[in-house]
Every structure is written in C-alpha cells, then in structure tokens.
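Two complexes come next, and they have one chain in common, subunit A, joined by subunit B in the first and subunit C in the second.
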Partner chain A sequence: MGSIARQRQIFIFTALFIPVILLVCFVVFPGVDLFRISATNWDGLAADYDYIGLDNYVRMFNDENLWQSLKNNMVYFFVHLLMIPVELAFAVVLNSRLRGAKFYKTMVFMPYIINGVAISYAFSYFFSPINGAFDAILETLGLESLQRHWLSDPSIVNFVLAFVSVWRFSGYHVILFLAALQSMPQDILEAAQIDGAGTLQLFRYIQIPSIMLMVDFVLFDNIRGALQVFDIPFVITNGGPGYASSTFTLYTINAAFKFSNFGLAATMAVAIMFLIVFIYIIQNFLIHRVVLKEGRK
Partner chain B sequence: MKAGKLVKSAVLQIICIAMVVIVILPILLTLFASLKTGADMVNTSPLSLPPFERVTFQNFEKVIGDKNLYTGFKNTITILAVSLVFNVAFGTITAYIIERFNFRFKGFVVSLFFLGMLIPTFVTEISRFKIISGLGLYNTLGAPIVIYVASDLMQLYIYRQFISKISVSLDESAILDGCSYWGLFVRIIFPLLKPATATVCIIKSITIINDMYIPYLYMPKTRLRTLTTYLMNYANAQQGSWQTLAAGIIIIMLPTVLLYIFFQKYILSGVVAGAVKE
Partner chain C sequence: MKKLLSVLMVLLSLCTFVFASGSSESADDPMSGTITFAIWDNNLNAFIEENDMVGKFQEVYPNAEIEVEKIKDDTEYWNSMRIRTSGGQLPDVMFNKPFTLARFQNYLLDLSDTEAAANNILAEGYAVDGKILGIPMTAGYEYVFYWKDMFEEAGVEVPETWPEFVEACQTLQEYYGAQNPDFIALGIGLKDEWPDYPFMEFMPALINGEGDTWNVMAAQDAPFAEGTDIRTAYERIYELFTSGVLGKDPLGLGNDQITNLFAAKQVAIFPSGDWSLQNIINAGADISELGTFYLPVRMSGDESYKVIVQGDSLMGVTTHSDKPELAKAFVEWFYSDAWYPDYLAYVSSSSAMANFPKEKDPVLAESDQRDDIEIVTYGGAGDDFTAIQNAVSFDYKKLGAQMLTEGFDLEAVLDDLNTRWAAARSELGIE
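Then we have the complex of A and B:
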C-alpha cells in the first residue's frame, strides 16, 4: 500500500510540475510583478532603473487624458448595461417555440466568433465618411440630416465604437441567458402556465429569479469587458481624434509600448486590477445582500 | 385569442429578422465592396452589388496571390497546432488531478490557478514582455505558443466539469488491477475526455486564430505574421483601396466562420461551460 501512496505522490508531482511552472512564470509572476514595476521609472529596456515610490500613482491621478479614457470606458459600460434587458428578452424569445429559433440562435452568436480585427475594418468602412454604407442607409431613408463624421466627431465616436462592441458581444450574453433558461426545470414553467400565468408573469416571477446568477455573471463580464476594451478602438480609431476614443487599457498599453513608460503603465495596470476587484465586491454585495434578500421577503 | 397569437409571433419574427439584418449587414456590405472595381466603388451605392456584368474577382485574386497570406496561414496553423497539443495535455492532467486527488499544497495550487484567471489580459503584457524577451522568444513563434499554453485557462473548467461526471470506481478498480497512475490517466481517463477535448480544441482555435494582440506585440517580423496581423498590415498597405481590403477581410473571416458553421453545438456548449465557473 505504501508503494501505491508513493506512486501517487510521484504521479501528482510529475503531472503538475510543468503546468504550475508555466502558470507561475508567465501569469502569476507577471501579475504580481506589475506592483513592483509600478514603483519604478523603468523604460522597458534599461537594465537599471530607480524606485520612485508612489510618484507614478500621483502622476496617474493627475493625468487628464487617462481620466478622459476612463470616461470613455463608462460609455461602453452603460451601453452594454442598457443592452442586458434586450439580451434577456432575446433569450426568452429564442427559448420559446418560435419558428426559426434555431437559425436565429446561430445568427445571434455569429459576431462573437468573427475575427475582431477583420470586423473592425469592416465597420471602419461601414461608418466611413467617404462612400460609407451607414450614410448611404440614412440617405435611402431620407435622413441625410443625421449624417455625421461617425468616427472623428469626439462627441459621438465612443457611442459608435460601443455599438460595434455591442454588435460583437451581445450575442454571447444572449447565449448565456438562453443556457440559464434552458437549465430551468420545465415542470415548474408548465405548472405556472396551467395556473394561468401570462408570459410577463412567467418572466418576472419564475424566469428572472432563476437566472439571477447568470445576470450576476453577465454584469461582471460587462464590467471586466468595459474596463478592458482594447481592440475595437485600437483598430478603428487608435484612440483618436486626440484621446477622444482612447480607453483605459489602450492608454495603458500605449504608455508602455509607444511611450516606453513601463513604470506608469504598470501603475495603470494595477489600477485596472483594483477597479475590477473593487467593483466585483460591490456588485456581489448589491446582488447578494440587497437584491436577493429583498426577493426573499 | 388565435389572432392575438398570430400578431405576437409576427412581431417576434420581425424583431428577430431585424437582428439578423444587423448581424449580416456589415459582412454583406463588405462582400459587396470586395466584388467591385475601383471605379464602381465610387459609381455605385455601397448598399448594392455592382451590375452583374461588372462583378469582379480581381480583388480576391490579388489577396490570394499575395505570398504573405500563405506565410500568415502557415504561422497561424503552426501556433495553433502546437498550442492545442500542450493545452489539451496540460489541461486534462491538471483538471484530473485537481478534481480527483487530495494532496499537500492542493489548496495553494488551486488558488494559484484561480489567481491566474483573475489577472487581466492585455495589461499583463507590460511585465510579461520582459520575461518573454529574456528567454529569447521575442520575434519567434515560441512567444505566442508559450503565452497561449500558459495563460488562457478556460479548458480547466470544461475538463473539470466533464471529469466530475466520470465514475470514481473506474479509477479505483484500475489501480487495484495493478494499473499505474499514468497508465490509468493515459489509457482510461484521457480517451473518455474526447468530447471535452473536441470542445476545447474548437473554442481555443477560434480564440487563437482571432487573436491580434499577442502576435502583434511579440512578432513584428514580416515572416512571422499570423492571419490576423497579416490583415492589419495589409490594411495599412491598402489605404484608400477599400475593395481589396474588403476581399482581405472576407478571406480572414472565413476560417472561424467555417469552424462555427460545422461545430456550432460544441462551441455553444463550451462557451457556456467556460463562463459558468461554479
């Protein structure tokens, strides 16, 4: 028996050795190392650098362009937040016996698997001021007066980009909600229907409470996603004009790889981590202490 | 009552069709553009195909004739194949051990993996960059491979969910029959995980083929372009020539769309399993 226990130990050790080493070297260590780098003035190349305490943090808080970028992130956050009821409604519809539901399900998720860079270029073309398709659509509808410089007007560019983001990611949430609805026991639904509950009542009293956990996840995904918006503005506008469509992550990445200020960039990366954890805790509190408790009363 | 139901389903159909139009439109209009000549880009509406006799495939011919496209294709396939092999090997064994065994430091190892999932993407490259270049992996295919193998951990969830459904008595009887632990894993557990492995491979393929940032950051060399970074470069070179870029966009979109069409069931179930982490 002793030899089996020993064999077991050797098996566990040899099996986990490489995966754990990889995880520590390429994920956990870099994540932790961000904290150390944030206290330096490292430029990303030099072998020597100085520890400058909290200077980067002071600089970060005084960086107007960063605040502007964070404000832009909020646009993505709110637009996606407003989409959650729509996504839920789509999930409910696709869960019903609607004819063609299977085809619609395929279509709603398609944007999520499409190459993000390719579709970003497609949208640059779509919203282009010269022969752009969107302007052409407005023209067909007789709405020329609404035509704008969709990607270069600072007051609307973030909404246009957030729309692209919704186009890409909403289907993911619909599929998640749909899965949550489908995992719900059918007999409860049927019993309620027999008792005369209408669609809205079913939705409000049976479907919503049972998918609250998924709503929780989607909300968190929304926050994490909104804070980390990167490739859409990176490809379509590169944060421009000026910093009008920059985002927190885009600004951070540029600080490091464009302006060689790794210390400051690491500080912003730390801030992103804190923001995500902080919002997660608040949201958890709100959903579990406030919303679900109220539901029990 | 019946009429009300009819109206309701008609309204729902209209809403769903509107959704399909919104999904299809940017792709369809890109396809239209890719079939036009430079002159027709100006002369015809972006919302319509060119007149039938002027439909042209020269934009596609131009992209397909580009040697760099093949380089991109080859690099993407290489990165994909190697990453998948290691992801599956490490993913299955790690999930199996965490799910089935108790050992000293297990809590520590599990929390390491949990921590790994919390660390945000993109910004981690600020500190990871130094490690990758320190290992001499900068501007080699090794950089994305190492990162894809080490960092995206969704496969652990999919495998753990799957392993929890395999009966433990299988393990026990195999060991009692004198099978070694490695033998048990390789000959019995691993083959049972095939459906989960299919899901993992398909979802990872889509993520890796579509990834722009890692190859963009770590492999600026022309010879090391992937399909996605090839398109970025092509876009910069084609400025002002939408019709050729449009053809490039359509071609780069194809691989993952085809994967989706053929393996939709795996993709949808895997995406849900990867999200619901409890």
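Then we have the complex of A and C:
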C-alpha cells in the first residue's frame, strides 16, 4: 500500500473514530437499551426491576388516552403538511427580486429563533378568555360572534395549538426552501426561460425537482416534529382539558415522571420511533409515486 | 534549556506533592470540602444570593464550600432528581414535598439525632419507619383569599360552613356577573390543573379529620365507593365546580392569570396557599381590603372547623453524599439562629420551628380569629398509595379539571377507579 493511501486511511480512521464512539455511546447504546427497558417494569428509581415481556406493549395499545394523544399529534401533522406548499410559495416569492426581501426573510425566520417556552407563554395570554388580545382583535373588527373558548374547547384547541406551531416553525421551512432555491444553478432557469417556460412551469418542472431533496427533508422534519411536539401544548394547555390537547410525547413524559413508569414510557418511545419511520415511508410513497408519478430509480 | 526543564520538573513535583498532601488532609476532615444544595424555590434562591449564605456558613465552617443548584421549578426538580437517583448523583442536600418523600425514602439519611429535627414541630409527623428523612422548612397553611369590600357590596358574609361557602360563591357570581360577563366568583387556574389542590388533595382529609387519608385508601379495595370521604368530597367539589361560579371559561385560565385577575378584583375569592400572598402583592394589588378565611368544609356549625397544615420543603441529606457529616452540619446551621429567623422573616409562610415562632401576616392572621379550629396535619402519600396511584394513573388534580369537560360522568369515573384500584392492589400484593 502506498504511503498516501495509508495516510488517507489513517486520516479517515482518526477523523471518524471519536464521532463513531460518541454515536455508539450516546445514540446506539441508549437506543438499544430502550428496547430492553420497554420489557421491564422499572420505576426510574429502584435498583431492581422485573422483566414483564410484552405487558407494556399490551397496556400501551389498550390505553385510550394515548390514542387520543396520538390523534392530537395528527392535527399538527396535517396542518403543517398543508402549510408546506404555502411555505414553498413564500420561499419562491422571497427568492425573486422582491423589494425588501431581506426584511421579510428576517421577519419570517424570527419566530423560530425566539425561545419556544416564551412564545407558548405569550400565546396563552394572547388566547386568554379574559382580556385576551385575540378576542379583543375580533371585537375591534366587529366579529364577536367568532369568539370561542380557544384553549378549553376540545373541538378547536388542537387547531389553535397547531396554529402556534405553524407560526413558530414555518419560517424555518421557508428558509430551508430558500437556501435550496438559491443553490440552484441559474443557467438551468435561464435556459428554460429562453425555451419559453412560464413562472408556473418553471416552478413545477425546474424548481421543484431541483430542490426535491430539501422537500423530502422538510416532509420528514414535519413528521418528526408533529409526532414529538411537546413545549407548545405543555406550556399553553398542559395537555388539557382532560387529555384533549395531550400529545404522544407529553403523555410519555407523564408516564415516566408523573406515574413512575419508565418501562411503559420506554415502550412509547420505541413506538414513536417506528411510527415516524412508518409514516415517512407511506408519505414518501404517496408523494413520489402517486402525486409526482415518479418511477422506480 | 535542559537545566530550565529540570528546574521546572522539580517545581512541578513539589507543587503536586503540596497539593496532594493538602487535599488528602482536607479529605480526612469531614467538615471540609464541597456539598451541593439543590433548590427550586425562587424566593429562597433570591434570599440565598442577597444574604451571602455561603459566606455566612463559611464563618462557622471555613473549609466548606456550598454549591447551590437552582432548578427551574418543582416539576423539573423531581424529574431531575429522579434521573440523578438512577445515576447515583443526587445532591448532598435536597428538598422533598410530603408527596415525594416515599419516592426518595431509600436515598435519604436519618436526621432524627439532629437538633433541627428535635425543634421542628412537623418533622416527626413525616417520619418513615421512625426515621426523620426530611425536616420541613416552613409550615404551609391553606387560605381562601377574598376582597372584603366586594363581599360587603354584594351583601355576603364570610362563610363558616360548606353550604354557606357554596352560597357565597353563587351570590357573588350572580351579583357581579350581571354587570360583568368576565367576572369570576371563585378563581381557580384550572388550565394548569394543580391549582385545584386545596379541594382535590386536601378536602378528603378535611372531611374526615385524618391527615393520613391517602395511606388509609391504600388499605381499601373500594376507596371511591358511595359514602366514603373521598367520594363525598369529590361529589361536593363537582357540584360546586359545575355551578357556574368559576366564570365563563374556567379551563381557559391558569394560576398566574387568576392571580392577576384577583389582584384586579375581577375575581372575588381565590383559594390558595400562604405563599400566594406575596404573588398577590407582586401583582400590584392594594391589600387594604384583602381578607382570608380557612376553607370551611364542615356541613354545620356544630362540627369543629378543620384546618389543614402541611410541612413544606422537607430538607434532607441524601445517601449519595460523600460528605454526610458536613451536609448534616449544614442542615443544623440552616435551622439555627444564624440563618433561619432571617429567612422566615423574608417569606410569608409560617415557622416550622418551635424555637423560632413567627407572627403571621395580619392578612393571614385574620383566619385564626376563631376558637373552634382543629388542626389536621397533612401526611402526604406513603409507599403503597404511590404504587397503586401509579398503577391506576390516579391524578386527582387532573380529575378536578376534568369535572368541567363535556360529558364527564363523576359516578362512572369513580366506579371505574374503584375497579382498577382493587385490581392494582391485588396485582401489587398490597394487603
């Protein structure tokens, strides 16, 4: 073996050694251990515990409040999913020669960098039934009839919380799309324009396929984010009224810390891991094969 | 160059020797070294910083160092302590609440032989198997705060029985609610769920006069059956909560919002702990018309007026401490003349120490102006109760808020709890 090749191998080995060790210690091992804990009745404190087989999995599937929580997660998922085309459109507009584009970009991204707990706390006052700013806005516009119990009506509370989530995270998606659009080679666009492509055709046949990798990432991030949403319902409604706005993560944390059932909580963590992968595969199939009608590569 | 290096090596060896011998000396001295003290209370944290607690402790123990760890709030505190327990990393000194003591009992040292425990009026009541594992920092009383001028205008007298209390709430709601649709007679921040604890947690104990209610429940197969104290309490609470006295959207407001609305007199009655007085003042209220009474739970004036008191913030030394002597010395010092009286003067809570009595704030002292009071010391939850509670996911604070949700059926919920309670007892082998 030549010395350059050996040096190359040494460099690759040393560069990867520490990250791989860290990954194994802090991601792979805890991930595998999660499966083991999910088969126990560990309370999070005691030194000893029993292996109870699949009891936690049976209990999880029979827990109607957990299913309710998962249903609530789906509200976040679909609301964010519907917003993705809008975010993409925003990114395209901001990518064009718009006056004050920099200002808009800053404004769009701002909610994402503000502390999530602070945002949630502010919104709980914004939607307050007494002296709440949102009700006051409706009143000023003469729309009192639209006033609702925003945070305590089980039929709308998840949509209100999903709105807060959209307000916070949409800017992040817009910036990701924008970065992808800006990294596109301009000559492809120019060539298409010379060939007579209109704005919509450019968007559908040039821009979208060029940034598909980023679209995929945002779609995956949406599934992960929607299924793991925690701070917004935790601060604004504490999962209530009852379990009407509880989410899978909120329920998992309560199982572990409120009811000292780390075994069950680990089971839920395993379930959410598989659920994220499962929904991603289905979504990928629907978008690539059914909507975009892409063939097998 | 070589000479310089040799000189440096010799110096380095000397330094190492000096430091090593110094550290071994301090390692031998049980009263030197660093201990960690984990807290969640903002008021205590502010007082520690303003009054140089570490410096004052070092006047007595010059070789000691204290690292104060401030954790965001008590919920986060318990989460953090639980994780640290499994990692063998509990702080040297930690706090407990009566309801968490059972959880951490195997990780706390017996403080029965300390002077602080001997002088504490509540510590013995929280002993586990005769061992005092936590010394209450304050005695916590529960009050009902109210505005005297609002009562007077609506023609409402301070209630002395439960039916009078319910009637007072209804009269206030009708009187002020007629002019102001946002008015709330009885303010409870049910969006946060926990603020219903004066009712959902304490009322069963107040009805039967036994602070140990939860532990008694652990020995029963059907504690929620017809006629039991807990069912009686929850039926009364359900009737009150659903009578419209909590305002137009009781599940839409949290404790902070209710405190602010009470300070602005949009809420007439606010049941909470003594610690809320500080929050009401901080919200900018003029307290000249502020009054308090104890929550009347008795059905008639012939019964005694039961009042709950609980030891709050039970200070303990953990088994993970490698400086247990120093940690115990810190607990002794904390409850001594050198520190405790000043802290007590700073907070609105009552003293838990017989050797440092404290006069109550005049607003709170109003509640004591009667001679038929019977004190009930709240016992918190023991091992068995906690195990069953976890197994059936019995969350009494959430249950209080759920009472206001559509389609809630109290009878069905309590019957279901009974069934699951009995099953959990049998599964856990609790006699």
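Here is the rule we go by: the second predicted complex is superposed on the first by the 253 of 297 C-alpha atoms of A that agree within 3 Å, B and C clash if a C-alpha of one lies under 4 Å from a C-alpha of the other, contacts with A are read in each partner's own complex, and residues count from 1 in each chain.
To be clear about the criterion, a contact is a pair of C-beta atoms (placed from the backbone, for glycine too) under 8 Å apart; a residue touches a chain by one contact, two chains touch by 3 or more.
What you see is a predicted model; the values in this text were computed from it and never measured.
Engineer: Identify whether subunit B and subunit C fit side by side or clash on subunit A in the overlaid structures.
Structural biologist: clash
Engineer: According to the stated criteria, A:149 is in contact with first (subunit B), second (subunit C), both, or neither; which is it?
Structural biologist: The second partner, subunit C, only.
Engineer: First (subunit B), second (subunit C), both or neither: which does A:44 touch?
Structural biologist: In the superposition, A:44 contacts both subunit B and subunit C.
Engineer: Thinking of the overlay built on chain A, is A:90 touched by subunit B (first), by subunit C (second), by both, or by neither?
Structural biologist: In the superposition, A:90 contacts subunit B only.
Engineer: Subunit B or subunit C: which reaches more residues on subunit A?
Structural biologist: B
Engineer: Determine, under the contact definition given at the top, whether A:257 touches first (subunit B), second (subunit C), both, or neither.
Structural biologist: In the superposition, A:257 contacts both subunit B and subunit C.
Engineer: Which partner does A:19 contact after superposing on A: first (subunit B), second (subunit C), both, neither?
Structural biologist: first
Engineer: Let me test your reading of the model: by the given contact rule, A:129 touches which partner, first (subunit B), second (subunit C), both or neither?
Structural biologist: second
Engineer: Between subunit B (first) and subunit C (second), which, if any, makes contact with A:208: first, second, both or neither?
Structural biologist: In the superposition, A:208 contacts neither subunit B nor subunit C.
Engineer: Could you tell me which of 168-176, 222-230 or 258-266 in subunit B overlaps subunit C after superposing the two complexes on chain A?
Structural biologist: That would be 222-230, the only stretch with clashing C-alpha atoms.
Engineer: Could you tell me which stretches of subunit A are touched by subunit B in one complex and by subunit C in the other?
Structural biologist: In subunit A, residues 44, 125, 128, 131, 257 are touched by subunit B and also by subunit C.
Engineer: Where on subunit A does subunit B make contact in their complex?
Structural biologist: The contact residues of subunit A facing subunit B are 4, 7-9, 11-12, 15-16, 18-20, 22-31, 33-34, 37, 44, 90, 93, 96, 98-100, 104-119, 121-123, 125-126, 128, 131-133, 136-137, 140, 167, 171-172, 175-176, 179, 213-214, 217, 221, 224, 227-228, 230-231, 235, 249, 252-253, 256-257, 262, 265-266, 268-269, 272-273, 276-277.
Engineer: In their complex, what parts of subunit B are in touch with subunit A?
Structural biologist: So the residues of subunit B in touch with subunit A come to 9, 12-13, 15-16, 19-20, 22-27, 29-30, 33, 41-42, 45-47, 90, 93-94, 96-97, 101, 103, 109, 112-113, 115-116, 118-131, 146-147, 149-151, 153, 175, 180-182, 185, 206, 209-210, 212-213, 217, 227-228, 231-232, 235, 242, 245-246, 249, 252-253, 256-257, 259-260, 264, 267-268, 271-272, 275-276, 278.
Engineer: Which of the residues in subunit C come into contact with subunit A in the complex?
Structural biologist: My answer: residues 75, 78-79, 82-83, 85-86, 103-104, 106, 182, 184, 190-193, 247-254, 257, 261, 266, 386, 389-390, 393, 395, 398, 401-402, 404-406, 408.
Engineer: Show which residues of subunit A lie in contact with subunit C when the two form their complex.
Structural biologist: 43-45, 124-125, 127-131, 149-152, 154, 237-238, 240-242, 244, 257-261
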